[in-house]
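Shared between the two complexes below is chain A, which pairs with chain B and chain C, respectively.
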Partner chain A sequence: MVRNRVALFLIAVALAASWGLPFLTHAPNRLLSGRPIALVSVLAGARWFVLLPVLLLAASPFFPTRRSAQLVVAASAAAFLVALVWLAGSEAAALAEAAPHAARTSLGSAFWIMLASTALMLHDELRRLGASALARSATYCAILVGIAALLAAGKLDQLSLLREYAGHRDVFTAALLRHALIVILALAPAIILGIPLGIAAERRHRLRGVLFPVLNLIQTIPSVALFGLLIAPLSGLAASFPALGAAGIGGVGVFPAVIALALYSLLPVARGAAAGLAAVPSAAVEAARAIGMTAAQVLRRVEAPLALPVILSGLRIAAVQAIGLTAVAALIGAGGLGAIMFQGLFANALDLVLLGVVPMIAMALLVDTFFSLAIAASNRVPR
Partner chain B sequence: MTGRSLRWLALCGLLLFALRPEATAAQAPVRVASKIDTEGALLGNMMIALLEANGIKTVNKLQLGPTNIVRSAIIAGEIDLYPEYTGNGAVFFSMPSDPAWKNAKSGYEKVKELDRSANKLVWLQPAPANNTWVISLHRDLAAANHLATMTDFAGWVRGGGAVKLAASAEFVESPAALPSFEKTYDFKLKPSQLIVLAGGDTAVTMRAAAEQISGANAAMAYGTDGALDSLGLVVMSDAKGAQVIYAPAPLVRGGVLEAYPKMAELLEPVFRSLDEAALRRLNARIAVGGEEAREVAADYLRTKGFLK
Partner chain C sequence: MIEFEGVTRRYGDTAVVEDVSLRIEKGEFFVVIGSSGAGKSTLLRMINGLISCSTGRIRVDGHDIAALKPEALRRRIGYVIQSIGLFPHWTIARNIGAVPELLGWSPQKIRTRATELLGLLKLDPAVYLDKYPHQLSIGQQQRVGIARALAADPGRLLMDEPFAALDPITREALQAEIAGIHRDSRKTIVFVTHDMNEALTLASRIAVMDRGRVIQVGTPAELLIKPANDFVGAFVGRDDAGLMLLATEKVTARMRPGGVDGGPSINADANLRQALSRMLLTRAERLGVVDGSGRRLGAIHIGDLVRR
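On to the complex of A and B.
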């Protein structure tokens, strides 16, 4: 009897991928396509123990819906995620011993599909368990710690992704920090301007009728186009006032990127503030007024805490969106992980593209998790 | 005026004198940038290594962005030095059909004069290489049909040769690119003989021809592309000069060159030594071998004795 159809579907997808698609690809150099390596050929000798969590996972759709069974499945999924990464690294190391230095081993489509299926199974199982945001975050952290341990021990060093990292170590750290800096610099004005604007828009109909259409219009402008539109006026400004240029304000680089990103972040933040305020029960506001609080006190002590979860949701969307859009800012000289990504695109070195993209995804997931925890915490309004 | 305020005034005066523009320019580090491609990384790293080794402080702004971004940055004074191609003068000054660009020496002199008078930018000694558009053929195809030059290629195409060229939309449409080849060598490629890609990514086109993806057996490439030799592609040499000559040269802001005049004599011998074969070899180490651009640049400078 199938108790969990979602898990069955995911298992089927993962099995099909592992059988039909390459787990790894091995290429003679960075540019040429690699020959496919199937999962079965990788499982040699002691590596068969990796199949233990797989067997548990494969049987999981038929397990009884008991808490202990669900915990076992969740643990198996988490363990398999780390094991999959270890397996790829181990095989890459084995291949590197016999191959010339220029040869590269990349992660294949089967690897990514199995990783995604297992991650989704884990997410589903945690949801069925009714795990709190904290418990979920702790599980994901444990997996990340496992992968970080593999990285630190050098077990993954022969994968092409890590080879690219080794070749770009100095620019990588700078790019990562620059990326985070741009996101923070963009979110600050968005918060400072967006939240008051959202609150004001919620109170005044006329402002709402003007603000949101304008912000919607800004959102529809493609990011590259907005960056491009800002170059000319900012370059002209920097040319007329050289002191601005010395301060770093110019047509290219971080400044136009931050302005454009702040504009894009205004909509989710303002919407979040407006929606949060609208969600405050009018009974609470009336009661507060009745006991003599001023408008400012009502805002600060009643409306703000009750609106906070929705405001944080808006911020979460703005933050994740900003992380993604910053990638494109590399095209106007702002640097960041997008620069690494575009270098890889232009050189047709797809693992270099991954070196830029994977940290961005990780950053977005981390920020998302942080905000989930914050929202969960803010939902428990103190009495 | 009290003694104390007098001393403050003197101190401020001294400070202002010390911070006067000429003084700060001489102490300001040179901001070295490059375009977001392999050769830019190579030449940019060479320039940084050379300047640093000779006591000129630099700021690394390599891989800044595409051509128009880097160009507007240097004109706006946000960067000081980057490697540019002489042939791009045709684009910057909107004179694409001027025959001067098809000669290395006249092209260099022309862009040097134009940029000096219009933007106070100085073009230093170029390298004897031509990073222009070329058509390259799969090695087996070239050998089987005895094709080595564009004239051979054109004759073969006219005679019904089964060519399938992977190229970017810009290469196919820009009058300076494929149409210029077709006019000079008297041949015409039919749409069925073309695989048109969106971006100008020669790594993709070369890989397509090398692995014969979608039937491609010819690829658009740049003259100094590193992957040409290792992918087994043969360049059809352009004897009649159908293409604009793109020689890499350092482009520096006039004011910065005045502050550091020895920059010119440091960079000249290095660029003079970089011919097409050398650039291809070095580009190959980075693009195909995956070595770090900084290492490859430093290694070349050390081997040639430019760095101790």
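On to the complex of A and C.
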């Protein structure tokens, strides 16, 4: 009997992909399109062991819904994620030995589909297990550590993604740091302004009626359009006040990107703060006032600690959103991982695109994990 | 002493409390009763400045509260509400210690006081001090609510329908608890309710409110015997007023000494209404009155109930 339809569907997708789509592609150089390599042809010798977790995963939809079985499935999925990466890396290394230096081995569509469906299975299984935020984060970190170990050991060096990295190492590090810097610079004013705005909006109906429609409107402006809209006024400002221009303020570059991203981040931050305060039991607030706490004491001792998890959820959305939107900011010269991504897009170099995108996804996942841990830790009402 | 002097509270054009003048003496158990929307909660919340007067003046111990710092005033007045409002992220100990903490007591003194109060409210400190509010039943939470109100030993206690959300058994237990606290401490208690039986059980004086105005102020007996108008009459339950009157007196008040052993008996704590009920059930015209250990104290006859 099928006990887990989600897993069954994901298994079917992964199997179909591994059968019909290339696991890797091998090309004589980075410009030519490659020859597809199926997963089956990669499996030889010791690599067959990779299929061990696959067998467990494939059978898992029929497992009884018992905790031990679910734990085995989750562990298999986690192991298979690392194994997939290792398999791709080791095949690329084997191919590289017999090929000229210009030859490239890229990750194929079957790899990505299997990676995604296994990750979804893991996520679903952890949810079914009722794993705590800590347990979930630990699982994801273990997988990242596994992949990082493969990277550090040089096992993945012959994948074209890593070959691109080797060729762009300096640019990459600078872009990564710039990306993080833009996100931090955008979030700081959004937090400093957004939280007080959210608190004020929760207290005053009239402010709420104005603030949220305006912030919602800002959210609906496409990011490229907002960056464009900021160019004219900011370059005008820089032209009239040369001192500002000298300080790096202008229509293009980091400054307009930070302004636009801060505007986007205001809505989730302010809404999180307002929703957090609204969720504080009104009886507790009334009692706090009635026993003689000042407004500041009510906020600090009762409202803020009880609202914190919801406020952090707002920050989490803002942070993950800012990491993604910063990619677009590369279009107005702000730099960051988006610059690498667009360079790849314009040069039709898929691996360069990935070099920009994969770390961005990793950054978003790490930030998301950090916030889910922080939210769990900030829940002051123990269960 | 709490004095209202021509106090009115308006929201827009509607007066929620209108021209109220009252004097609540020190040590009184003063119950404000009325149907919902009568303005009784508003009246109560004006005493500790949660709601301000539109016109008129409220004096606590002779000081106009408008001239006092509201936080300082509130820290000297205990406050208990129907929805309890414990702080869910604080332990029971910290909840009880909230006001002492605001007043800057030492942590050790606060903990000693919390332990003492939990004992007073019949919750085992060893079990409950470090629990969180959601781990307690509603009745236990309200016990903690009362303990929090008493923590800094305020001279006055404001209680806004504190027992309305409790089941009848828990409510009776807590009514007995608060009556005992009042008896032992002689704190001034202002207590809002819409339950006439509760008012008659607890009050030394009752104020009946209707549409923002105080219609009548008097002892339970005065209200029952001489209701000021039809509204008060209906409110105190005209048909049952005699029975309610009986409920305001203990059997010991009309007990005669001696009497025969055997036959049905009643506990000395019972009121005259309970005595009558027992007589009707047992078809006896007289009952023995016994104390908690079953020792005979005297007797009460059916005629004693009618005698004045």
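Structure notes:
Just so we're on the same page, the second predicted complex is superposed on the first by the 379 of 383 C-alpha atoms of A that agree within 3 Å, B and C clash if a C-alpha of one lies under 4 Å from a C-alpha of the other, contacts with A are read in each partner's own complex, and residues count from 1 in each chain.
Criterion: a contact is a pair of C-beta atoms (placed from the backbone, for glycine too) under 8 Å apart; a residue touches a chain by one contact, two chains touch by 3 or more.
This structure is a prediction, so every number in the text was calculated from the model and none was measured.
Of the two partner chains, chain C is the only one touched by A:Ala288; chain B is not. Of the two partner chains, chain B is the only one that A:Gly333 touches; chain C does not reach it. In the superposed model, A:Arg380 makes contact with chain C only, not with chain B.
Of the two partner chains placed by the overlay, only chain C lies in contact with A:Pro305; chain B stays clear of it.
Touch criterion met: A:Ala238 reaches chain B, while chain C stays clear of it. Residue contacts after overlaying the shared chain place A:His168 against chain B, while chain C stays out of touching range. Contacts of A:Leu43 after superposition: neither chain B nor chain C is touched. In the superposition on chain A, A:Asn348 makes contact with chain B only, not with chain C. Legend: residue contacts after superposition of the two complexes on their common chain; A:Leu15 is shown touching neither chain B nor chain C. More residues of chain A are in touch with B than with the other of chain B and chain C.
Those residues of chain A lying in contact with chain C across their complex are 281-294, 297, 301-302, 305-306, 380-382. Those residues of chain B that touch chain A in the complex are listed here as 36-38, 41, 61, 63-66, 69-70, 72-73, 76-78, 199, 201, 203-204, 206-207, 210-211, 227, 230-231, 287-292, 294.
Residues of chain C touching chain A in their complex: 45, 48, 50, 70-75, 79, 81, 83-89, 98-99, 102, 132, 134, 148-149. In the complex of the two chains, the chain A residues touching chain B come out as 29-33, 101-102, 104, 163-164, 167-168, 170-171, 231, 235, 238-239, 242, 245, 250-253, 330-333, 339, 342-343, 345-349.
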